[in-house]
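Labels A, B and C are assigned to the chains in the order they are written; within every chain, residues are numbered from 1.
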């Protein structure tokens, strides 16, 4: 009971700090994922049909994914210094694989009948892409974006270690001061944000599923 | 000043320890839930939640509950390794065709013989894939173990960051990255090697 | 060999098998057949205890199957299922010698048994033993499935629609091989199918089931000739005409053979034959009983005789309840050109000639709905 009261007092005292950290955390995460989409989705479209290149690209991005986060941050520091920039670059790199892979998978697993129908109706490849292929692949792509977002929201906590701020800052302070309140003040919002983002994007995925494909 | 080869070995050992423990718990668990669809859903949903907790946060909490050092790190590694291992064990074993189970039972195989001679060999590649994912993730998390006093290659990276010493950072970052990449490549090979010959893609003339 | 005593299987909202009573003889090929849901597969699975009866008992050689250890029981019974269920991670050899290995045969014995079995179905062991199931065609896989069930020479083999998943050509080949195998090995087989043609072809006895109950148990011929009720009749429906092997002789004989009385004169007889365009006449008495027969060649040779009754030769005849196949066999063995058919009181009812057999086969193959 005392712990709970203690916690509530802590929250009351630090509410602005927590909110600031949360906002920064969202900025880091969504910013990276957004740029990740802007790069990964067109790339995914481009490698569709080019199977050999697709293999190489996916392998390279996959390799990036296996690199430990702290190590990648370590690579970024000498190049980009500390702060938000290197953090976002690293998060951006991590966001690529799920989105890229799902875009590729989503586009290549479309029932060929649809493509044939579109061609038969006289669509050019651009119309085919935007009016047939992308809408059909959208649920899978959204799923990739969801996976990416959840992952990034979680690992953005490390950004604090190189001065990028975010909820990781609170957790890190908690480690240094052995104070559970700080740790929870950082961890709980992240967990909540992650759950909320997952839920929202899940809904978006359903909403974007073409009516016939549900 | 850092004994990189020693730290690399340490890093590998810590990761492997976490994954091994997770296998001891997770593989039998994955088998048990194949018997009961509802139980499977509940367990998998529960373990799924583990993925929403940031590693840094869990390490921090374990620090408070257990203390400094390798032990809380390994506990965290077990925690994060459970999902890929349990889920892949479950999926792999469930993917064994029901007709094979019926044929085996009807021929007079005991449950254990079915498991040993049919289900596990067929599910093995999928289970191995789960172990591989767990291992790569573990190597990644072990890197931040340094923050709660664990060993491994996180130390030179972290110290280098604090001291703005790029050389020090890279002396840890490069081996860590290589360790992850090489481990994944080796485990992929093992995965392929463990695929029963009768299940590899065959180009038939039939 | 297998006795079903009042076997019942009840589920929460329906009864799958009701008071099933049956004696399966040693070496018998018994087929369980019926529409979907009639309980045939459930009955089969109660023999090797994959399903346990709600009440009643099943005895194998006098011993209650419930009293035996289920696993040991199953190792002594062969089991073949529709989806084959060959283990894809094992070679053909490892699949076949699985049960032998489980019960402890040494590897030499296993190897020679595999060789023996593969040779029995004309699959060269040197080629096929080390192949994997995914390298075999569907028909080949099911062949291996059957061999696997026969590996330890079990006295009883259970087969659950084993050829159902095969293409029609493979199915026919497998059925023929099954028949040959059964003739050599003489195992007791309980076979489930929903295909009446298959049942008629393979069975020593057929058990027709509906909604968990036995409607009729009989040999294929008797079921065809005397279906128990309208349901059985509609079930065998098309087979009356389509399966020449099981036609009754009455269906292939000419029903109005040309007859003369013994007093008929030669010239009259020849004129009759010319008019009716036949080359055979049968001599019958006033009650229609068969006395003998004469063919045109005979008449040409015997110009000096006056009455048919003097030269007609005694003829063997068959009863009207034999099968068409039997009649044909008799004609072949004795090199007869024609074979009269008589009823129980020796009265002539018809005549089987080569032409009538050809007609019967033609209408079965190309179907015009008429019997010969």
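We take it that contacts are C-beta pairs under 8 Å (C-beta built on N, C-alpha and C of every residue); 3 or more make two chains touch, one makes a residue touch a chain.
A quick note: this is a predicted structure, and the numbers were derived from the prediction, not measured.
Asker: Among the chains, which one keeps its Cα centre farthest from the Cα centre of chain A?
Answerer: Relative to chain A, the chain with the farthest C-alpha centre is C.
Asker: Per-chain C-alpha centres versus the global one: which chain is nearest?
Answerer: So the chain sitting closest to the middle is B.
Asker: Using CA atom averages as chain centres, what separation in Å is found between chain A and chain C?
Answerer: So the centre of chain A lies 68 Å away from the centre of chain C.
Asker: Averaging over Cα atoms per chain, report the distance between chain A and chain B in Å.
Answerer: Each chain reduced to its C-alpha mean, chain A and chain B end up 22 Å apart.
Asker: Which whole number of Å gives the spacing of the CA centres of chain B and chain C?
Answerer: 59
Asker: Taking the touch rule as given, give the residues of chain C at its contact with chain B in the complex, in rising order.
Answerer: 48, 50, 71-77, 79, 81, 83-91, 98-99, 102, 132-137, 145, 148-149, 158
Asker: Which residues of chain B touch chain A once you look at their complex with the stated criterion?
Answerer: The touching residues are 51-61, 63-64, 136, 139-144, 147-148, 153-154, 157-158, 160-161, 166, 169-170, 172-174, 176-177, 180-181, 184.
Asker: Which residues of chain A touch chain B in the complex?
Answerer: Per the touch definition, chain A meets chain B at residues 63, 66-75, 77-78, 150, 154-155, 157-158, 161-162, 168, 171-172, 174-175, 178, 180, 183, 186-187, 190-191, 194-195, 198.
Asker: Which chain B residues qualify as touching chain C in the complex?
Answerer: 97, 99-100, 102-110, 113, 117-118, 121-122, 196-199, 202, 204, 206
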